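Chain lettering (A, B, C, D, E and F) follows the sequence in which the chains are written, and residue indices restart at 1 in each chain.
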Amino acid sequence: YKTFHNKGAEVGTVNGLAVMGANSGMAEYTGIVMPIVAEITPSQTKGHGSVFATGKLGDIAKEAVQNVSAVFKKISGKDLSDLDIHIQFIGTYEGVEGDSASVSIATAVISAIEEIPIKQNLAMTGSLSVRGNVLPVGGVTAKVEAAIDAGLDEVIVPASNFGDIILDQKYTDKIKIIPVSTIEEVLDEALEKSDEKKLLFERIAELLKPPSTISPSKKGRTGTSAA
Amino acid sequence: YKTFHNKGAEVGTVNGLAVMGANSGMAEYTGIVMPIVAEITPSQTKGHGSVFATGKLGDIAKEAVQNVSAVFKKISGKDLSDLDIHIQFIGTYEGVEGDSASVSIATAVISAIEEIPIKQNLAMTGSLSVRGNVLPVGGVTAKVEAAIDAGLDEVIVPASNFGDIILDQKYTDKIKIIPVSTIEEVLDEALEKSDEKKLLFERIAELLKPPSTISPSKKGRTGTSAA
Amino acid sequence: YKTFHNKGAEVGTVNGLAVMGANSGMAEYTGIVMPIVAEITPSQTKGHGSVFATGKLGDIAKEAVQNVSAVFKKISGKDLSDLDIHIQFIGTYEGVEGDSASVSIATAVISAIEEIPIKQNLAMTGSLSVRGNVLPVGGVTAKVEAAIDAGLDEVIVPASNFGDIILDQKYTDKIKIIPVSTIEEVLDEALEKSDEKKLLFERIAELLKPPSTISPSKKGRTGTSAA
Amino acid sequence: YKTFHNKGAEVGTVNGLAVMGANSGMAEYTGIVMPIVAEITPSQTKGHGSVFATGKLGDIAKEAVQNVSAVFKKISGKDLSDLDIHIQFIGTYEGVEGDSASVSIATAVISAIEEIPIKQNLAMTGSLSVRGNVLPVGGVTAKVEAAIDAGLDEVIVPASNFGDIILDQKYTDKIKIIPVSTIEEVLDEALEKSDEKKLLFERIAELLKPPSTISPSKKGRTGTSAA
Amino acid sequence: YKTFHNKGAEVGTVNGLAVMGANSGMAEYTGIVMPIVAEITPSQTKGHGSVFATGKLGDIAKEAVQNVSAVFKKISGKDLSDLDIHIQFIGTYEGVEGDSASVSIATAVISAIEEIPIKQNLAMTGSLSVRGNVLPVGGVTAKVEAAIDAGLDEVIVPASNFGDIILDQKYTDKIKIIPVSTIEEVLDEALEKSDEKKLLFERIAELLKPPSTISPSKKGRTGTSAA
Amino acid sequence: YKTFHNKGAEVGTVNGLAVMGANSGMAEYTGIVMPIVAEITPSQTKGHGSVFATGKLGDIAKEAVQNVSAVFKKISGKDLSDLDIHIQFIGTYEGVEGDSASVSIATAVISAIEEIPIKQNLAMTGSLSVRGNVLPVGGVTAKVEAAIDAGLDEVIVPASNFGDIILDQKYTDKIKIIPVSTIEEVLDEALEKSDEKKLLFERIAELLKPPSTISPSKKGRTGTSAA
């Protein structure tokens, strides 16, 4: 059963990427598209919002959801103490581990909160710091190949992983690879243009305004840089 | 003891479908009718609603209840912070696992909240995304046969499972099989006509109104499609 | 030590029935009278009522208490967010399992809330759905015989278990056996006549008023019927 | 170290009785005096009172504390949502199990709430129902002998255990044994005379006023009677 | 690294005493100075104060913190529902067990709440009842010797342990040993003179005022007396 | 992948220092730079702030976070019941144990709360008491060498560890080593000059004002001093 789309746009639905066999050491990874769906609802407790995440998440995956919540609580234009947030990994009956779905979770939730559709011809992978910097992940080559096999047009990867991608000849030039360093760059690539998107980025710009004392040669937020 | 009806209509009571021996690998499944009953009450804590689910649910089944709660919290016409929701799997003393009862839970709870009776000559099976899309399940042939054996007239199955149903000749044309892609389609088939049902669907239509930027060729909500 | 009465009336005290050796397979059951006592108090937290149940309850017994709470929260004439509810199984130092005490718990708690005395010359057994239907239990013959040995005059059993009762000749016609299908029937048999009881049943009648669309040939609430 | 008094009066301090070797089957019990101390304080959470019990309590002992809380929450003349209640078993470093300290806990807490001193020349043992009936316990003979060895003048025991007491000749007529059936009788024996005690019993009398429909030949509250 | 002082005065800092090898049966104990530090802060939840204790506390030590909280909640001149209380055992990476630090915890916390400095040339050991009576502990000789080795001038011990102290000749008359029976005596010895201390003792005196009915020959609070 | 900077300034981001092989006994330690990132967001519950810490923290590390929270709750210029605090150890997929990151956590969180950038050419190590005193840690030599290898200019160490640092000749005079005794000294070294920093230190000075009764020869706060 195919549980994702490869065209059009959907609110709250992201084509994440995962690898199978990640725990078997030197063996080559196999990538798969792993959809992540988010929904927001009125909270069941007055003044208390909850975050629920399903799909048999392992310890690191649960901590990743917690880290990602820092990002969407910071960015959100709504009062999250009035909302429950539901995050669902589709089809992970054997469980899911790791933090490489962090950018996918953040994008799905922010889309659901702001009601901005996400491009479905695009997949993404990447870890996140609580301050919104994109951090490197494993298995990027296998993930990019899985996105190509799925007929997708674009794939977002951490800038720090860009050099890790070594595609077989048959995969060369088959997909647009987008390296990113911050969640803002992810959202800019993944969200469809709309008035809601414009408002979101105005709010983010306000949050990122650097303190007056920061050295002018530094950006307000910096990604993980290669040594 | 027969613990379900096969005619008439009941508030908060759904004929779910389950398979036995699902954990024994290649062996053929045996289907059974598994009633699910829901009730709502004033909450025991001011401003805090709870969801209780009994029947010795396994981890995936508990997560399914959590996912389904996103659906009924979104759709509900009542303030769920004032209500407790009780969900009971009848007769599952050995426990119950899996997410294929998701559509049944959603239907039972929404019926209980809205006080709209459910047709008892109908059974259903199907998983759900937090955004209300019906997802595929296992054992559909055995489940449809169990519905026929129980003397039921209609059975709701995920559209993505429609091709999986291969009935023995003695079961052919014995029941109306209804493929569905969204919880709205499930509710439309399962709930008895009434003023309350009309109001429910007006509310749902309002929620599903697609954002102005979505491509006109896409429906606001799309099911899992075959590759 | 005899820990129950077999005459008179008590608020919040029910003669439940249990079987010993229920886990030993084909062996014949031995029934016993197992008193259940309930009390209500002002809650210890403003706006939050709790339900406490003691007696080393097993998992199914704990879920039964949760299911029963749906029934008394629905029926209660008092605001349960201001009250704590205490339920005590007397003398079960080795623990208690199963859901066959559900009708007893419901009756004890409703008696305590409404301050309506329960007949002590009566015992009962039966499971409950969250919507108040009485469901079948095991060991009914042994339980009825235990009620007779205890000198009781009446015993309430699930209507769906009525055919299971096969008494030894020495027990024939020694007790009035009352088959029931709903918690309302249980309460009608067990609670002593009083103004409070009259008010309780007026409130229940209001709750059970069927929606206008339900087919006229169906009762608003229906029990488990034999196939 | 002697950790209790055998004369005078103390608020919140009761001479409980326990047996050692209770888990070693047929062996003869050895009784000891086990002091129980209670204190009340302003609660640490606005509108939420807690009950804390220390001394490495086993599961049955914890449930006993929960049952006893029904009794003091019902009787209390203060709003317990503003108070934290601390209960301490003195010197039970190896843990304590069972419910025979229930009357002691109830008496210590009610004394602390109402600030009424407890007679220290008296010890007690007894289990309790949530409605305040005294239930039988084990090891009463050993407990009574321990109270005598400790130089105490009076010992409270469950009325249903009165027949179990078989004292060695050297213990005969050395202590006043007081059989009780309800917590009111316990409090009447154990609390020192005072204006506060008079007010407490006026409040209890109000609570116990039987419903008008109860048969006149029955007391409002009845203890466990021998068969 | 020496992690304590032996002169001057500090708010919220107490020189506790512990023994090593306490679990090795008859072997001689070795005493050490174990500093305990307390701090209070605005609570993180409106209207809800928490108590945090770190240092890998064992079960008895955690219960001791709970018992001690009864003492400082009773005595506190501030509304503890607005404050979080942090208690830290310094340097107990291998964990800490037992209740002999109870007087130290109580003193550190009360000092931090009231902002009254504690004498650092003094160490202490002692258990506590929830009503503030000092209870006996083990290893007092080793603890007193450790205080002497640390260059301290005074050591507080439970009055009931006074007779247990048998010092080697080289330790004789090297430290002032202060036997105590109540937390008030501990505070009187350990807290530096100040206006805040005077106010604290006025408040305590008010709390301890005995009820009018108590026998005049008894103090309002009595310690553990030798038999 | 290098996950830290060695120049510029960042809000909420600290270069912590850790040692690997710390559990392997006498073996020489290897130091690494371990970035710690903090973010604050509106809290998800009205009136209730939470602290989240990720990176698979061990028991001692979790207690260290709790101790550090005493420091930032005390110092904070914002109402922390309205904020959630997220703390992330970067790259610790195998887990992290110990309390030597305490100064790093405190600095990252206070920077995030006050929006004061932290110097990125600086690393730090040190434990903390709940009253803000810096306590000694292990592995300081290896940590200082790791800071040098990372191209950093300054390293903060506990004053009580200063004497433990024995650098190989190739590391001599390659970095500025800053011994500290209190969190105020850490913040003074690590935070960039700004108006916000000035306000922070005015607030801290107010908090540290010693009570009038303290002996004039003692500072209001004293570090761990060598014996």
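Everything below uses one rule, namely that a residue touches a chain if its C-beta (ideal position, glycine included) is under 8 Å from a C-beta of that chain, and two chains touch if they have at least 3 such contacts.
This structure is a prediction, so every number in the text was calculated from the model and none was measured.
Enquirer: Any chains in contact with both chain B and chain E?
Expert: none
Enquirer: Are the two sides of the chain E and chain F contact the same residues or different ones, given that same means over half of the numbers occur on both copies?
Expert: Since fewer than half of the residue numbers are used by both chains, the interface counts as different.
Enquirer: Note the rotational component of the Cα superposition from chain B to chain C, reported as an angle of 0 to 180 degrees in steps of 5.
Expert: 60
Enquirer: How many angstrom lie between the CA centroids of chain C and chain F, rounded to a whole number?
Expert: Inter-chain centre distance comes to 60 Å.
Enquirer: Using Cα averages as centroids, what's the distance between chain C and chain E in whole Å?
Expert: 52
Enquirer: Going through chain E residue by residue, note those that touch at least 2 other chains and give them in order.
Expert: Only 47-48 qualify.
Enquirer: Chains as vertices, touching pairs as edges: which of line, ring, star, complete or other describes this one?
Expert: Contact map by chain: ring.
Enquirer: Starting from chain C and stepping next to chain D, in what order do the chains sit around the ring?
Expert: With chain C as the starting chain and chain D following, the sequence is C, D, E, F, A, B.
Enquirer: Mind listing the chain A positions that touch chain B in their complex?
Expert: The touching residues are 1-3, 5, 8-13, 37-39, 41-48, 52, 54-56, 84, 86-88, 90, 93, 115-117, 192-194, 196.
Enquirer: Which bits of chain A are touching chain F when the two form their complex?
Expert: It comes out as residues 47-51, 59-60, 63-64, 66-67, 69-71, 73-74, 79-81, 129-131, 133, 135-136, 160, 211-215, 217-218, 222, 224-227.
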